[in-house]
Structure formats: C-alpha cells, structure tokens
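Take a look at the structure below.
Every chain is named by a letter (A, B and C) in the order it is written, and numbering of its residues begins at 1.
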C-alpha cells in the first residue's frame, strides 16, 4: 500500500452540504409568528404576571413588611436609644444566658446526632424505624407543651420537685430548666440531617477502612465525619438558631427572673409588656439579625448538603 | 439493654452509640413526655374531661382549630402560588426571596409576634389602612390568622417546591399536544401530581399552627372566650398551679397533632403505593 | 404532501441544533429521522409538534396539508406525540390517559361519554392492551406503557403521529418486537408518521423513507435501500453499517487505491488529489491466490463464524485492519485460519473526493 490508510469508525470531519427537500413556493405575504409562539409549558403572559404579582404582594404583607418593621421600630427613637438597649445590665445578662444555653445544647445534640446516626446507619437491628420516629418526636410537640412536661417533672408540685427541693436543687424557674427545655426542642435537628445521609452512604467505605487496619475512631474521624460534614454543619446551624431563639418552651420554665433566667427572646417579651417598645425592638433586631445570618449560612451550606446526597446516590466509579 | 448483634458487626461502636442514643433519648425526650401521659392518666376519666372540656377550654379549641384551619388554607393557596413562581419563573432577587421564605423558621417566635403586632395594629404600617375600612386586624381572631399564616408558610412552600420541580415537563407537553389548554393541563395533570405534597404542606402548617404560641400571644389580645388560644390557656393554668387543667388541655392538643402527623404519613404511603408502583 | 418544512433553523444558546433544514413528507408515509445524538432530529420533531419554536426567519414555514401552522400552539396542531419516556399521566389509569385528549376537547366537539368509552376500548384493543384500562402506568411493563402512550396519541385522530425514540428506553428484545408491530400497525391505520431514532436497524426496517441527519443538517433522504446502498455523503456511508475506509488518490481522473485503479470511478477534469475509498465488508472477497484482478495482500487476524456470515478481520501489510464478510460456504471451502496469508479483492466500492463538486 502506497497511501496511509485508516480503519473506519472515526468520525470524518468533512461536512457535506445538506440536501434540501422540495421547497414549495409559499407566498411572501404570509407572516411568520414562529418566534412569538407560546410554548406548551408556558402560561399566558398575563397569567404569569398575575402569579408573580400575587406572590410578591403576599410575601410583602406577610414576610417583608414585618421584617422591615423590626428594624424601623428599633431605630424609631434614634441610634443612641438603640445601642443603650444592649448595654443595659439585664440585656447583657440575657445575652450571656442565651449564649450559655446554645453553648451547652448545640454540642450535646451534636454528639447525640452523631452517635444515633452511627448506630442507625451502620448497623441492622429490630425497631430501627421506631427509633427514628422517636427521635423526631420533639418536632411534633408544641413549644408550650415542651415546657410543660418539665414543669410536671421538676416543678415544685411535680414528681421530682419536692425531692430535689429537699436538696436545694432548683430546676424549674432556674437555668437548668431553661437548658432542659431547649435541649428538648432542639433535640432532633442534627440527627435528622445526618441519619438519612449516612444511611444513603452505607458502610462500604468504613468497612474498607477497617479492612485496611484503621481503628474504629480512626475510621470515624477520617472516613465517616468528612463524608457528612456539610449535613452536620447544616444541622448545627438550624439547632443553634432554635436554641438561641426558642420562646414558648423556655417561657414556661424560666420564671422570668431578670438578670438570672431571662434569655433574649424572654427579655424582648418583658420589655414589650412594659411598653418599652424601642428597647424591645432593639433587642428583637439583634435576634432578627441572627435569623438573617442563619438563613444566609443555611443557603450557603444547602447546595453542599445536596451534593453530599447526590454523591451518596451515585454508583461508585 | 441487649440488642441482637448483626452481620455488620465488623464495624465497632454499636454498643456504645446505641446505648448512648437510647439513654439520651430516654432522659431528654421519653421520660418528660411520659410524665405528661402518666399525669393525665392519674387525673381519672371524670377529672380529665372536666379539665379538658369546659366552656372556656372549648372556646379556645374552637378558636385554635378555626384560625389554624383558615391560616393553613390561606397558606395552601398562596404557598402553591409562591412555590410555583419560585420554581418556574425568573425574577430579580429570586434567590434572596427564596432564602427569606424560611424566615418564620429562623426568627424567634416572640420577635415575629411583636413585629406582626406592630405592623397590623391600628396605627401600624398596614393596620392603619385596614382600620380605615373598618377591619380590626391585631387583637382579634384575624390577627391570630395573620400570625399563623406567617408561621405556617414555609411548611407549604418547602414541601411543594420539590414536588413542582419533579413534575415531568413531558407530561405537560403530552397534555398540550393532545389538545388540552394550559388551564386544563393545570387542573388535570399538574394539580393532581402536586396534590399529595400540597396536602402534606397543608397538614404540617395546620399542625404547627395548633401548637403555636409566641407569635400569637402578642397579636391576639388574649381575651378569654374570644381570643384566647389553647397554648395560652395551658400557660394560664400553669401560672395558677392548675397542673391538672394544663395537662388535660396539653394532652388533647398533643393527640390532635399526632392524628395529623399520622394522616400525613398515611397520605404519603397511599400516594407512593398508588402512583409509584411501590407495593 | 402532508407536511412541509422549509428553512427551519434552531439554536440553543451557542449550540446550533438545526441549520436551515427543509423537508417534505407524503401523506400516509412513515418517515424515520435517523442520526447520532446531537444531530437535531429530536429538535426537528419537537418543532413540528409545536413544543419548540424555530429561529425567526421570514422564509421558514411549517405546513400541515398546506395550512401554515407555525403560529399555532401545540394544543391546536392535532399531532400525536409519543415520548421516549412515555410521559403517561401517572395519577390516571390507562383508560383515563387514553381518554384524556377527547375529554379536553371543547364541549361542542367533544364526543359523548359512551362514545369516548367505545373509542378508548377500541384503541386499547388496537395496541393490544385490552382489559388493562384500569391499571395505572406504574403497573405496566415498559413495552406496555409505550403502547398505551401510542394509543393516547392516536385517540385524538392526529393529522400526524410523531414518535421520539419510542423504543429507546426498552431492552433489545422488546424493542425488536415492538418495531415489527409498529410497522404492521402503520400498514393498518396509515397515519402519516415521523419516527426519530438513532438506531439504524430500526430506521431501515420500519420506515418507508429515511432522513439521515448530522450536525443539524439533512445528509440524505431516501428509501432504506437508497440510503444504505447509494449513500449520498461520506457521513451516510460511515453511519450506516460497517465500512472499511481507505485513503486513495485520484490520478488522471481515475480513482486509484494502492496503485490499483478502481473500476467505475471517474472524475473528469480532476487530475490529481486525495480520495476517500469506502468498501463495506460484504463488498470484499477473499482468495488464497492472486488471479490478475486488482487485489491487495493481507493476513487474517481474527475470524468470527458465529452468525449468518463469517466475519473475518484481516491486516494489510501496512497495518490497516480490514473487515470482510464471507459467506459460510466460502469460509469453509477456503479453510481459513488465523495467520493465513490471503488476497483481498474489492467487488465494488465508493469514492468520495473531499473538495470535488459534481
């Protein structure tokens, strides 16, 4: 063979002029509306406009105006009054207690969430779905009832109250009560984010790590935790927001002792009920800011959590 | 507690994590909830009914269920609109609006409560216009409905969004090519396929509204027989050291929310079985 | 003429899906749009259905039976569209799916309830799903679902039936059965049909005419026989069936491969240049000795006699693999084994000159 030859199968880069079919002689006056045709999955433009307008009006009335009102009311009496609301001794102690509650509750529920996920996702045992339902239980209990159950247990007229009182231990109308109630309402947050993800991921990677000689702790720290870190963070963000912002349950158990058992939301309530609106809204604006930061973090983390899930669903390559 | 060991026991830590899970769950959740159950059991049948079903309490149930139902319905209608707009249309600031939908989750309920009161009171930003046409928003059942709508909105929108995203665009195209108008396509194809999610969102929003306290107490006015919701009545009873009364009402409300959650699970199970071929 | 498309283009962003395509389809014909993925065939089908819009071009027309439908939305075109993934309404029974098109008609033209029932039952019988009307789509097999989708599309008595890779999601065996069945059904009802497929066997077996598409253009329109045996372009040559490609030359107006002139390929006025020579495996013959006719030597590297022909892979002296289909009798008579030195004789061939215009 003189010429270089090649096997078929590779696409040729040579393009050939397309062969036009019969071109009928259409009259030139026909108007062509093709570009303006409404697609099958589109609404008429006025329907679309109506839906968008209704959505925006509704959200404005229900969400945006109240959010804006918090900051407007807070600054109504000027910046000086606004900042004075935070330097007040009772406000400072409310801030301290709120932080304390979060610092205790978030790590406890974080550890619980990880332990529960490990047990549920990596092992088979009877009653598993029952256990998952029980973990979600606090979400089904309203805030006031969440507080009430601790009063029934530890209140002065509750079951353990008199016995605890004999040792001068006070739980209800004291900081421990606030912490217990908060623990209860924030209980499922971390677990319910991490459990489904770990279940989806299975234990193949952990088994591989163990077979390579890793210890249980090493496997957990080096394999499991990195795989669920975003879902874990997501749970922590939500847990923290609720821990700092819980009102109903804490309201029942705190007793509103100023400077002692008041968290920030309770402090807002007291100021408001004293008609000290500027201060109430100033403290509320701090909590609103916290909520906005939470939403921003949540949005930032959300797609990473989704990616962790998608990766778990994909077959390994 | 002894749990049967498993095939998977190559991995360590089952005993430790399972033990800790059960212990922590029992201490924080089961024991306190058990206290409620046992307390209501000790009331006796007659005592329980006397506390759980007298005129003032029944008035609070009617108000709580009535306003919750109205709020959940409003949320179902507008939530569908909001979710549809956010999924299907492009508009400026959509990401921002989408993130703000969760505000009622993130904002402490007391803050929501005073903010809504400020806006809908007689001299508030919106309340003044309502007042001008003779509508009293704050300190009336309408105020409660507004607060419960605020609180329940994310439940409907967040359940509907994935359902709308999941709608098979081709089935809409199929309907159009079969001659259906957009309106017919919506009612006959789109609506039935998002209905299970809509019902779930409605029920979640309703359940949340039944137990809501913080955002309502400021705007409701709390007048016995008129604007006193069940959660508030529980607190009033507690403040009077009427543990029996508080427990009875709480048990009723808790039972109601369990029934709703059970209904949600039933709806989901039923639709999964019927349409997805999951036997 | 039942469907005429002229000057249809379409771009998605910077991606040019269709480049000035024109096509005419006869009444009652079954036409296959065949091409690799990304060739624009599905886009063309969706434009016919009104599910996509072509680029704005004053010359572009979409006509059904001489009526310009370009400005009509999908709902008014009366096309039956069958989707690759069925797109059945999953919350409706099969019966309700098929009845849908009739139930959404304007009240004055809508058939009566018992008439709808009669026609749905008839259609279900036609697609061999009698008695399955009360099932939900999830309770049917893939093949059954696609037949239900077909019945649904036929229920509106469409002017044209459009099928978008209708068997693409099914496994090979079911696909083969449905293909034959679809052809028989078409012979029975004769509705003008356009079938999009990337499977050449499907197109060649089912269609009256095949439209071969590539990179948004039509390469060739013809009967299955024409496109297979008389490919108009290199693309069609390579896309349909297996083919051996050789780099030849043109010398003095004649095509020459490896110094041997190829019979029947003359390019008047072309003195010198490159030529691509195509030979299908069945257009080559193997002999053990030279007999004077043009041939080239090769060595057998692989033989696969499992099939209706023996597929022989050979390698030429300069290392090109050449595939030859040999009848089983010839294969046995020649007593070939791997490693045998043979001579390959072209029986016929096709030559394309990259820059030669007829």
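In this section, contacts are C-beta pairs under 8 Å (C-beta built on N, C-alpha and C of every residue); 3 or more make two chains touch, one makes a residue touch a chain.
None of the values given here were measured: they were computed from a predicted structure.
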- From the Cα centroids, identify the chain that ends up most central relative to all protein Cα atoms. A
- Message: Can you check which chain pair, B-C or A-C, has more C-beta pairs in contact?
- Response: A-C
- Note on the structure: Note: chain B sits from chain A at a C-alpha centroid distance in Å of 16
- What whole-Å value do you get for the distance between chain B and chain C if each is reduced to the mean of its CA atoms? 55
- Query: Where the CA atoms of chain A average out and where those of chain C average out, how many Å apart are those spots?
  - Reply: 52
- Which positions in chain B touch two or more other chains at once? 173, 175-177
- Query: Which chain A residues sit where two or more other chains touch them?
  - Reply: 40
- Item | chain C, residues touching no fewer than two other chains | 50-51, 73-75
- Message: With touch defined as at the start, can you tell me which chain A residues reach chain B in the complex?
- Response: 40-44, 47-48, 51-52, 54-55, 58-59, 61-67, 69-70, 73, 112, 115-116, 118-120, 122-126, 131, 134-135, 137-138, 140-145, 148-153, 155, 157-159, 180, 183-184, 187, 203, 206-207, 210, 215-216, 219-220, 238, 241, 244-248, 251-252, 264-266, 268-269, 272, 277, 280-281, 284, 287-288, 291-292, 294-296, 298-299
- Item | Residue numbers on chain B that touch chain A, as the complex places them | 3-4, 6-14, 16-18, 20-22, 24-25, 28-33, 35-36, 39, 78, 81-82, 84-86, 89, 91, 95, 97-112, 114-116, 118-119, 124-126, 146, 149-150, 153, 169, 172-173, 175-177, 182, 185, 207, 210-214, 218, 231, 234-235, 238, 241, 243, 246-247, 250, 253-254, 257-258, 261
- Message: List the residues on chain A that touch chain C in their complex, please.
- Response: 1-8, 11-12, 14-24, 26, 28, 30-40
- Task: Would you tell me which residues of chain B are touching chain C in their complex?
- Result: 168, 170-171, 173-181, 184, 188-189, 192-193, 274-277
- Note on the structure: Within the complex, chain B is touched by chain C residues 49-51, 73-81, 83, 85, 87-92, 100-101, 104-105, 136, 138-139, 149, 152-153, 155-156
